[in-house]
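Sharing a structure below in structure tokens format, with a few things to ask.
In this document, chain identifiers A, B and C correspond to the written order of the chains, with residue numbering beginning at 1 in each.
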């Protein structure tokens, strides 16, 4: 990711603006997120009524977790999509050849763009459900400035990790032409292993161990636990380090794939 | 002065639907890798969905008074109805795109009802995964039901009516796109939101929500009321038992309302051109 | 089920279509609602068997008219009848009697052989199998599509795809064919072949043709009659020759002299351009070329002569500037 930081900032700003033109879509999305927030709140309340300490959460933790999930759903682009869909489309049409010859790296370019998008989604579709969750269900707020700041860092890392996976999925289009099959598969794993379907703290035994070690745990489980104050002191650094580790590893993988793809595009002319 | 147009029967529409759908199946099969991945991916989503339910029950003996078998019956029947509806008319959610790209205009110059064409368009069998998974869960849950002839009738009518309710919800709410193409996600709250609530015993919700799910977005008829009868349970909300047999009525009403909305939407489109 | 021969096939009377648009106004909150007339006071009729060019600049109301003729859009005023039917009320029955080709938007199945799309249309329109085979054979022969029938559409060239789309629109023997920019993006050879086919179709079957195009050579090659629409209403309806006269258009005589010479002076024509031994003389389009040619040949050593037909684009631009 060489190249001027100003350029990347401009790319991010442009993406932010682009998404902010869809105002009706944003309102509709907030409404939908909130409806799902209500539905899952009642499901979890029933669950924690039957087992008051399931997974080490109490009922308020669980409902907070629900609304954080709805708030982060679009920010981390759990279903896939985001700016990496543009990439897949450009690979399909062959326009990506132009991108590959740009002086700035492909990964940095799309990451900047995706961060711009995520910023918009966080401010709208992240903030609104959180407020609604607070007003209607009295969700917990971070109890220290440290937790709040760490949560902010954790969300950025969550977006980066999610971006890298979506980027890798989109890159399969270099070889398969069409990312849709892989995207659905990847989405299925993301929903399950991010804790969006059910908090990972409920996953029993080895399944829980595995799930908490996979990159998808960075999407929701880690930021949510930081918000809920489950990681304190050194444990907080370990949690952020876990996200950072995956981010670095997967970014490297993205750049490796771009190198392979460039060779392929150059050899086959797209 | 023209002859009375030869009126095509519903059976003929169904046949045309099948013919269009068949072409799309063959078109999709031109990309077997994508097709298989999509089918497996969709199956995986629903499969993991059920694993989630399973994990939930690792922490519970029952959810709002319903055991795993009972929840599986609710889950399987709703999932089957949804998969049936989604397979049959899934593409209706794309009318906004069809309007934008002019594809809807093209369809309007063909002598086949617009709804038939829209529903058959881009027909895909990738929901086969979900259909299979739902059938397995439902079949397993059925083995715990104490069957009587009437219960068999109620079960069959439940699946058909449930599909009809989802048909109606998807068609009806997709029509929003005739008025605005920006707010498509609004419909998801009712369609997919409705599908999600049916995976759980509705007794987890407050009474007001249940009333809404009975009379406004009538997904309670997809599985909740008929399953109460199949499981021989009294209604936790104390509502009349007649509701447990009312699913076909709810299905027909939802579908009828949706067709009315559809016609209004098409009329709006032809009278505003937007 | 032919339309009453005493009635025009397409009859448009005082047609009007307004749209409500919301416009953002600088310096004001919210949007302003206003009504825009896309088409107004439009009257014309087309008899069975005519080939009519429907032309005008972008946004003039061409596609709005076509949408009302096909029943996709309900008029806000006036009357339309096509083949004796009210398009918006009888959209589905009318669909059996018309063919529509929307420019670059294909109705063919991208990933499947051409034949599959045709077979489906046979079922959708319920075309009798014998008639279907007969039509398919004829069109495939005329349009030279035989080798492409079993090729997936995505592998066809743009010209082949357009011919496929036109075949698709004709299999059910429509009485009228609406063509929206049929030659856009095609190479010269494909354009020529397509025009030849449309002429043959009209001669053989009497299919009425209504053509919108930006390519005026389409009009020159196909249409005896032109309707020019601008700002939502017809500004000219008549023969192509009349359009030239009305637009004050001129033909050009290109003279190649044996040697370079000062600008030629002959009665009834004036020099537009000189380039070495070649000179361009223009004279009114409705005047005969013979006296000009004779005068030039009598006074100069001529190596070669040719006549260029007027550029309709200029003519129409002239009309627009007057109408606008």
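Criterion: contacts are C-beta pairs under 8 Å (C-beta built on N, C-alpha and C of every residue); 3 or more make two chains touch, one makes a residue touch a chain.
A quick map from chain label to UniProt name: A, B = ABC-2 type transport system permease protein; C = ABC-2 type transport system ATP-binding protein.
Every value quoted in this text rests on a predicted model; they were computed, and no experiment measured them.
Enquirer: Ranking chain pairs by contacts, what comes out on top?
Expert: A-B
Enquirer: Would you kindly say which chain has the C-alpha centre located farthest from the C-alpha centre of subunit B?
Expert: Comparing chain centres, C lies farthest from subunit B.
Enquirer: Select the chain whose centre, defined as the mean of its C-alpha atoms, is least distant from the mean of all protein C-alpha atoms.
Expert: Most central by this criterion: B.
Enquirer: Go ahead and note the Å separation of the Cα centroids belonging to subunit A and subunit B.
Expert: Computed value for the inter-centroid distance: 29 Å.
Enquirer: Take the average of all CA coordinates in subunit A, do the same for subunit C, and state the distance between these two points in whole angstrom.
Expert: Centre-to-centre distance between subunit A and subunit C: 52 Å.
Enquirer: How many angstrom between the C-alpha centroids of subunit C and subunit B?
Expert: That gives a centre separation of 46 Å.
Enquirer: Can you list the residues of subunit B that touch 2 or more other chains?
Expert: 31
Enquirer: Once bound in the complex, which stretches of subunit A touch subunit B?
Expert: 22-25, 27-29, 31-32, 35-36, 39, 42-43, 45-47, 50-51, 54-55, 176, 178, 180-185, 187-189, 191-192, 197-198, 202-204, 207
Enquirer: What residues of subunit B sit close enough to touch subunit A in their complex?
Expert: Residues in contact with subunit A: 31, 33-38, 40-42, 44-45, 48-49, 51-52, 55-56, 58-64, 180, 182-186, 188-189, 193, 196-197, 200, 204-206, 209.
Enquirer: Which of the residues in subunit B end up touching subunit C in this complex?
Expert: 1-3, 5, 15-16, 19-20, 23, 26-27, 30-31, 101-103, 105-106, 108-113, 270-274
Enquirer: Of all residues in subunit C, which touch subunit B in the complex?
Expert: Answer in residue numbers: 1, 3-4, 17, 19-20, 64, 67, 70-74, 83-85, 88, 90-93, 95-96, 98, 100, 102, 105, 107, 109-112, 116-117, 120, 123-125, 152.
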